[in-house]
Each structure stands twice: as C-alpha cells, then as structure tokens.
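One chain, subunit A, appears in both complexes that follow, with subunit B as partner in the first and subunit C in the second.
Entry: the complex of A and B
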C-alpha cells in the first residue's frame, strides 16, 4: 500500500473507502430502525441479520477473492461458538457440561466481548492449520476438501462428550440481546474484508483467481495468498459463531452444518460472490425477503378478511426468487461495488475493479 | 447505471421493511394469555401439534367453565419453524404479545431457546413433552417445567415391571446413541438393574439411529449362550422400526422393552405380526384405557381434530394446562413466582394421566404411573400398569 500512496493518483484506500462506508451506513441505519421499531422479535431478527452479515462477509473474504467455493467455513463458526461457550459460561455450569476441559479453562469466565475476540482467534488458528494443507489444492478438489473438513469438525464436536457435550445442547451461555455488539461485529467484518481486498494479498489472490498461470509467472505464491485469506476468513467466521452463540444462548453441533452452510452460500451467490457489497446486500435482501414472506404466512388483514400464504410456502417462494435472480443476473445482484453515486470520476479504483469481473464458469 | 442499482436496492429494502414494522399489536384487555412458541412447520410439528391440540381442549374447558381467576384464557401463537434461532424469536413474540406463560416445543433442544427468553423475562415456561432433566430448572432456570415424565423413569419402569411381572432375569441393553432421549432411557434402566436381585446384564451394545443394518449387533446377541429374557431397546423413530424388524427377522424372540417414543400403531405394519413387545404410556390411544375419562378425552380429541390421538405424546399438553391452571387458581394471581411456588407444592396431584409432583429441585417427574402396552400379533393393548418402587435419584438423572 505504501508504494500505491506514492503514485500521483489518490491512494487505493481513499479511492475505495466508499464501499465500506456505505455498507457501514447501511448497518447503522438497520440498527437505528430497530431502535425506532422497539419490538423485541424485530430486534432479534436484526441481530440474526447482523450475525449472518458477519458469516457471509467471512465467506466472501475467501470465496470471493480466491474463486474457490468453500463448503467448510461453517466449521470455523462451530469452533468459534463452542470457544465462546468455553470462555463465557459460569464455571459451575462448565463443570456439568464439559467435565473434560482443562481446569484453567473451567475456572475462566470472561465477558462476552473479550470472549468473542478470543473465540475468533481460536477459529483463525485452526483455519491456518487446515489451510496449510487445503490451500495446495485448487478447483473442485479444494471445495470437496473443505466439505470434508466441515464433516470432520462436525463429527468431532458431535462425539467428544467431555469437551463439547456431544449432541447435547450447551446452555448457560450469557445471552446478549442488545443490537450494538452485533452491529459493531458486522462493521468490523466489513472493514476487515475491505482492508484485505485492497491489500497486496487481496490483489494477488484475485490475480491468481482470474489468471493463475500469469499470476504464478509474476511470482505470486498462490497457496500462501490463499492461506492468508483462509485464516482471515476463519477469524471472521469464528467471530460470527461466537456472536451467534450469544444471540440464542444455546449451541449444538447440528446448528453448524449443512443448513447454515447452504443458506450463507446462497446469500453470497445471490448477492454477488465477487463483491463485498454483494455479500452484505445478499444477506440483507434475502433475510428481509424471508421475514416478509413469514409475515405473509402469518396473515395480513386486508379490509375485513385476512390474506395469508399457506404455511411452508415461504421456503418455496424463496427458492423461486433466488432462481429468478440468478437467471437474470448470473453474477449475483451486485457484481459492482457500491460507490458514491455522484461526482467521483475514478470511483472504481484498479484494485477493486479486478474484483468486478468473474470469468465465465468460475462462479 | 450504478445509481439505479443503489436506488433499486434501497427501495427493495424499504418495501421489505414496511410489513415487519407494524406486525405486533398490543393487547391488554385483562385476559390471561398463554403463548405457544411451538413448531407449526418443520419436523417438530408432528410432536408439537397433537400436544398443543390437547392443551387447547383443556383451555376451552376452563374458559367454558368461567375461566381462570374470573378471566378468560387467551392464546397467542408463534411458529418456531423447527429452528433454534426462530425459536428465540417466537418466544420473544409471544412475550411481547403479553404471554403470562410460554409453552415451548416438545424437544429440549428446540424448546430451550424460547424457554430461555421466557426465563429472562421472569415468566413461566412449559415444555410440551420434553423428557430430559434439562427441560426445567437444570437446563433453563427456576421458572421452567416439563409436562412429560423423565425418560429415565421409562427405562426404570420397564426393567422393574419385566422383572416382577414377567420374571425376566437376563437383560440385554441395546442403546441408540444418536439422541439424548435414548441415553436417558438406558440411564434409568442402568440405575434400576442392580436393585433387582439376581437380575443380570447379559450384554450390551450400541448403534446409531440411521444405521441401515445392525447385523453385527444382532450376531453378538445370537452368540450369547442363551437368548436373553428381555432386550432393553433404547431408541426412537425412525431407526426403531428397522432395529425391531431386524431383531425379529434374525429369529430373536426375547421380549423387547422400549421407551414411550415407539408408542402408536402407525408403524406396526412395517413389522407384521410383532409380538412380545412392550411400551410404557401415560394414557392409551387404543381405546382401552382403564380410566373411562381418558377414553372420553380421546373421543373429544377426535371430534375437535378429526382423528384419534396417534401417540401418548398428545396427553402431556392436557396435563400441563391442568396443573398450571390449578396452581394459578391456588395462588390467586398469575405472578410467575407465586405460581411456581404453588406448582412446587404439588405432591401426587391427580391428573387425567396419572399423578404429578413438582419440587424446588425438580420440575419434572422422577416417578410416575405408567400403563404397560403389549403388542401381540401386531395388535397393541394395555395389559398392566406400573409405578416404580422409588423415584429415580438425581445422580442417575444427571449422568
């Protein structure tokens, strides 16, 4: 970045900062709207959306920049959620649920903030370990290997009775129902993703995605730049997992498996896998669509009668809408980053411009 | 181009937000409100719906008889979609709609998020039919109860009954480790077995609910010097059917003891002419309950819902409203702490489906009267009833 700053042009940071700022404004607007509505279920819905934003942005850091579809990232969410449980539950309840934890860990009881940060780092360390091996693969082999990793993490967490309570629900995790920590988490995730995307690692990774041969010839160490993205996205997924645990207060291994994997991936793909704006708006739009359809399922009074969709139609309509979106826009809703809608002539700097074209068949 | 995109996305946002904002209306017309944060869709619906229908029958009866504390009971619903995150939202929805008591999903895992929201608002929560000790004080908090009976009581009941009434001595323990419920049944069996003089464990084995074949487990049973008198089968649907079918197909004719989860005749056609098969139930869905009031309830249930109850898991919903309403009546208020105190005073409180006891340590049944249903030639019917000689102690429950 230092070299970039010396060019006569504005630095890449300045040229692209509009994207995270617009997305942050969107997050703040959603939080303020929640305050204005003042209903607890609505608050919980928004918390859910913020958690999903963190998860999908985490996915984007790796999938969007590397072009390798990962089915395994929810595994890091699982690691983060359980780490948050280990760190924040009262020692007495830990003794009951996790008798096999080391004594020092049983004695610890952190507030949720530091707990979530440590949980995120814990997930990141594992992402680096797994990444060392997985990042040497590419294409479909890498995708399947990430899926194998998810299955492995799930199997371990569903069976290691003394440390994860196996398939039992873990309760006693402090529940946090104020919206701010989740909003801050989402904003942090957005900025991390942006900083990574405009850094040399992000640029090299996208170069490797679009032209692997040319990237190699230019001296890019592909496994290494992928590993950086994998580790970083592991941290963000872990943060999402920790906050998810605090939003419901219960964790079980099957929460972090195929269901969550596919909903987060579809949010990313529908929104636009190659852009940060797409990742965030995919979550917001699909979540609001889901909520809107649920609301219609419950019934809307129209004059004297109530109009209601049959139960279960929400899932079907959601599928139909997703197909329609992808048929019209195969690269997702937003294949260009958000930028200031006025003035700025060079609003799409070269760094992010590279994120905006996905070669045919790479999605 | 880009401007239009942003505008479109913003208008999509605005449109989708509009409905959500006006969704909840406040009601404060002096009614007592029971909130059902249960599954109306998804697989838990099959468990929640019958118990909820039974609860509604009791609520209608109370309202018809003049209500509770002179007020009518009003019901509000929110769908958990058989999803934990939605469960928390459903709990908050019914609380915001003024629920004084929150009824949550049958299963501990799926009911807990909603129950935790009720607990943090200081309201009573009732699990419709959860059978884990966690569904109550231990896993939610001091305002949480379960309407059913602990799984361990079912295992203990079957062991003691088979020992006493069928003179079973050699028991074989076959555990499906997929679900906590199954472990609960076998925990109760494990606690009871050493108390039965000269009863022995001929062997034990485990399998998984989705195992396509349990051939290796069956060969180990066949390899025993003598066929065991009874097999304690701790499992549930859908794996139970396949396991039972394979055991019988292998020519093992030992009596098979189960938990209540395999009650019902809906699956019996899959194992034609099944015999020597025993299930504990809180009430009989086969029209032969020794208590004529239960048969009258079944008729009423059929009239309201169009079908007979499919399994005994319909009944806890009715007992739940029954004991809760009695406690409210005795407390003279719907204040949660006062009602909890009254519930905890209940000692063998009679209900249509057996006596119920709650204490300040346990908001669940560690001892209960069970009817024993025997299936002979594919036909289930009540043959006996049994109450375990002593309650299952805490340390056996907390395993």
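Entry: the complex of A and C
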C-alpha cells in the first residue's frame, strides 16, 4: 500500500517473517542437496544436521531470549528420546529392555510421528515442572541449577535398570532413514521459535534480559515469562531427542550428557546466541566444518600420495577455529536476524522490534 | 564414624582445591574456566614421555618427591598462564557466555592434544607409592595418602589465605575481585593481577593432579573432568568470587556425598548423585547468591 511509509508499524508478524522463511528455504535447500547427492553417508550427515538444528533452536528459545545460559536442556532431549523408545518399540523388545514399564505402555506401539509428538509433550511437561522451581533463579545460579537438573536426569536414567535399561544401549528403536521428517521437524522448530520470539512472551522475556529492572518496573512477571520459554524449549528439545533416537536407532544415557550439551551450546554461541538466524547457521557452519575436518582426517588423495591429518587434530582445529571466531566476533557470527536483502524499512529483526514495539491490546 | 569424617574431609579437600582454582579466576575476570579440568589432566601427563603405547613411559615422574611436586605445580601454573596470554586476554570485554564457551573450546584443544600424544587409554603409574600404606589415626585405619591430602590441603589453604590477606599482591587481587575498574584506576596493574590469579589457579590444579594421580594410580585424559564439575558447583554454591565460600562449599559437597553414601538405603545408593544435585538446587533456591555472597557481584542499578 502507498501509505505504508506513513504508517508507523506494520504487524510484527509481517515485518519479521523474512527470518523464518529464509531459514526454511535454507533447510529445504539442504534437503534437496541431499536428494541430489543421493549417497547414504551424506544422507546421515544431513539428518544429523537437521536434528542439531532442532536442538539448538530449542536451546535458543530459552537461552537466546532470556540470556540465561542453560546447561540442562539436553536433559529434556534425553527424556524425549527415551519416551520415543517407550512408545515406538515393538512390545516384545520392550519386555526385554524395560521390564519395569507399566503394562499399558508395554502394549502400545505407535508410528514414529505421533510417538515423537507425545515424546516432545512429555519432555515439555517435565520442563514446566522443573522450570516452576528453577525459574526463580537468575544468572549463573540458574545455569548451575539447570546443570544440576541435567546431572539428576542423567543419574536416574543411568541407574533405573527396569525402566531405562540403565547404561545399556537400548536397541530396537525403529530407524527412519528418509530425510523429510527431520527437515519438517527443523522447520517446525524454527517457526515455533519465531512465533514465540514475536509473541508478547518473547518480547517481555527479551526486555527482561536487556533491562531486568526496567522490565520488572513495567510489570513483567520475569519468572513467568521465563517459564513459558523454558516449557516451550523443553518441547522442542524433546522433539529433537525423539528424532535423534529414530535417526541412530540406539539410545544410552551418556549420549545425552555433557558432550552433546557443550557441542550444542557452542553452536549456539558461535552462531550468535541472541538470534534465531545465528542459532541455525551456527549449526550448519560448525557441522560442515566438523565434516570437512573428518574428511581431511580420513585422507585426501593429492597426486600419488594421500594427505591426511593425524588423528585428534580434527578436534584441536575445531577448538582453535571456535576460539578464533569468538575472539573476532564475541557476539557470534550473526548478531542480526536474516532479512530480505531489499527494503531498508523491513530490515529490523525481532531483537530490534523488542525495543520498538509495544504489543497492542492482549495480542 | 571417624572413618566417614576422614573420607568426607579428603574428598572435600579435592573439591575445595578445585573450587578455589575456579573462584580465583572468576574473581578477577568473571570467567568460569571450563579448561581447569584439562589443566589438571595435563599436569599429570607431564610426568610421562609422549607415546601411544598402553604402558606408561615414566620420564619426569622419576624425580624424587621434593623435585616432583614443584615440577607438577609449575607445569599447571605454566599452562594456566599460557592459556591466559594466548586465549583469554582476547576475551577481556566479552560476555560471560562467550568466555565460557571459549574456555570450553580451549579445554577441548588441550584434551585432544593429550589424546594425540598419549591415546585415550588410561595408563597406570605409581606416583609416590609410599603414600598408599595404611596408618592408624584415632582408631580409624586409612591410607597415609588420605591423611596427607587433608593436611596438605589445610596447609595450602592457610598459606593462600595468609598470602591473600597479608601481601601486597594479595591485596591487589582482592581489590580487583571486588571492583576491577576501580582497582585499575587506583594503580593495580590488571595484567599482573590476572596472570597471578591464573598462575595460582594452575598451581592448585597441579596439586589436585598429584593427589588424584597418587590416589588412583592411573592417569587418564578424563580425570580432571569430574572434579572440575563438582568444583564448579561448589564455587557457585559458595558464592561466586568468594574464596572462603568456595572452600566451604567444596568441603560441604564432599561431606554430603560421603554422608549420603553411608546413610542412604542400599537400593537408593546408585542414585546418590541425584540426591546431591537435588540438594544443590535446594541450596541455590534459598541462597541464590551463594552461602557467602561476595561483595561486588550484585549488579548496581
């Protein structure tokens, strides 16, 4: 419309939808690339990337918007993965692995789709329960408390023999090898994160992150807006866990512990903790880097000889690159959201919108 | 009963030393140093000659104890100072999250450097074997090492506390921990204080390395990790930046672990850590600033 320039605001949704659309296009492009390449290892690599996108976006929903670093979210991934195993394994296998499950749960066997949704909700319920207690804390105390939560979940899952098979690997989870469910999961996660970020809860949460005192004075109930984000991110992390279980077909408690916690946090921080674009591109960039280094480690033929990196150098280089990126760009690679490359007026990400938009009525 | 007390004290000593190492650095630059655990592992591996064989080739470890102990402490301090100069100096103005991830990445680099040189298999060494002989104290039998651990920790803690309270350097460090900008304006040299803190923290890591190495008789790339996590938690419970708090909380967590191990019914014992972490959450809920809240950590508006 011609008067648009005069109007102070378009709706928040319209102004910011570029970000999820661009990220979705990126996801679809990756999936199509996989289809074009058509090799199985490449397919698996891409599935891993999509799963990590879900996890890191889930992390972003809470960490990015609240500014509270959480070491505990992989706990919800663990809950989601085991819930998916409980729901989708054949009853015979369950009898072997989890004799302690209630009979009704042993009897059900769902397809992976509904199983993943239920698993995500299961993780979300626990996120709300834990969050109810933990969200009263802020800063580093909250980070440590979330870590304590992760350690509790890990200890319980690693020792409750009859329900989680303790530290034994649980095998028999149906493996899903097509790329589409993972791509859809990633896109759903991106849209959930975006909708939350532009909702009044997201705005209030970012206000509380940037100016806690002012936010409190404007009547924002900080524990409550944090709890909303915590629960929602728990759901997304649970979804990621369920899909991760289906992508590798095996779950152990230690898959979902410090290693995964740190790699996902690194991806988030290197990409840019405060933006959705940063979260997604951090995963893609670091994953490609890891793959490239692994490829070098296996050896690349140069003329008659193969050039290969010695073992262990891959991780060292990864660490060095991460430090170099962070030293150069302490706020991560992308501290502004992706936007359409035209039209200066629309180039405002949700982060900026937070300071400029007052939610109208109770939208 | 006395046995439990000594177990608690010796486990608590490890945690307290670790927590102190983390709190020292946090105090001066608000950095939660995740690389601390890997500095511990590095200090032990410095005793061995690099090889990927299963059998450890003891090199520096052959030195008599009065050379061995300073050697390990120096290795820890050296690596720690080096990490400050090479990495953390570039992150002075970065946010805590960025620094934390950078320290994690550094730890990753150190760990895989060790893995490249020594492979990931744990190796057995006998470090100061004379210490594993049992002694009897007040009717409780325990390895001599346990007694030495407790005594050495107490000596170190006293020494450090005198150092921090009575020397000029200690004064500068406390000033920097309280208000870094103000301290700089009053003439405290930032780089010197920060490097001093890193050196002390690294030496503490070396001390933990000696204790762990002689306690378990093995060296393992992962060995620093578990202590570091508990120490990290102790630092927060004690009140980030407060040195006394870190030590107190370290001993408390050690005591809580040992007491729960004896008190819990046998079927709940595998879940001991879950109870310990649950207690951690409870303490944080009631005292989010820590048991002994450090001055200057609360943000002014």
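One rule holds in what follows: the second predicted complex is superposed on the first by the 339 of 363 C-alpha atoms of A that agree within 3 Å, B and C clash if a C-alpha of one lies under 4 Å from a C-alpha of the other, contacts with A are read in each partner's own complex, and residues count from 1 in each chain.
The definition used in the following text is that a contact is a pair of C-beta atoms (placed from the backbone, for glycine too) under 8 Å apart; a residue touches a chain by one contact, two chains touch by 3 or more.
As the structure is a computational prediction, the values presented were derived from the model and not from experiment.
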(request) After lining both complexes up on subunit A, report clash or fit for subunit B versus subunit C. (result) fit
(request) Please indicate which partner A:219 is in contact with in the superposed arrangement: first for subunit B, second for subunit C, both, or neither. (result) neither
(message) Is A:248 touching anything from subunit B or subunit C once the two structures are fitted on A? First, second, both or neither.
(response) first
(message) Taking the superposition on A as described, I'd like to know which of subunit B and subunit C A:312 touches: first, second, both or neither.
(response) both
(message) Quick check for you: in the superposed arrangement, does A:266 touch first (subunit B), second (subunit C), both or neither?
(response) second
(message) On the A-aligned overlay, A:301 touches which partner chain: subunit B = first, subunit C = second, or both, or neither?
(response) neither
(message) Tell me the contact category for A:323 with respect to subunit B and subunit C: first, second, both or neither.
(response) second
(request) Quote the smallest CA-to-CA distance from subunit B to subunit C in the superposed model, rounded to whole Å. (result) 5
(request) Pick out the shared contact residues on subunit A: the ones touching subunit B in one complex and subunit C in the other. (result) 311-312
(message) Under the definition above, what is the set of subunit C residues touching subunit A in their complex?
(response) 32, 87, 90-91, 93-98, 100-102, 104-106, 108-109, 111-113, 115-116, 225, 229, 232-233, 236-237, 240, 270-274, 277-278, 280-281, 284-285, 288-290, 301
(message) Looking at the complex, which residues from subunit B come into contact with subunit A?
(response) 2-3, 5-6, 9, 12-13, 16-17, 19-21, 23-24, 40-41, 78-79, 84-85, 87-90, 92-93, 95-96, 108-109, 112-113, 116, 120, 134, 139-140, 178-180, 398
(request) Under the touch definition given earlier, write down the residues of subunit A that touch subunit B in their complex. (result) 33, 37, 39-45, 48, 96, 167-169, 171, 175, 244, 247-250, 252, 255, 281, 284-285, 288-289, 291-292, 294-298, 300, 311-312, 333-334, 336, 338-339, 341
(request) Quick one: which bits of subunit A touch subunit C in the complex? Just the residue numbers, please. (result) 69, 133-134, 136-138, 140-141, 144-145, 147-149, 151-152, 155-156, 159, 213, 258, 262, 265-266, 269-270, 273, 310-313, 315-316, 318-320, 322-323, 326-327, 330-332
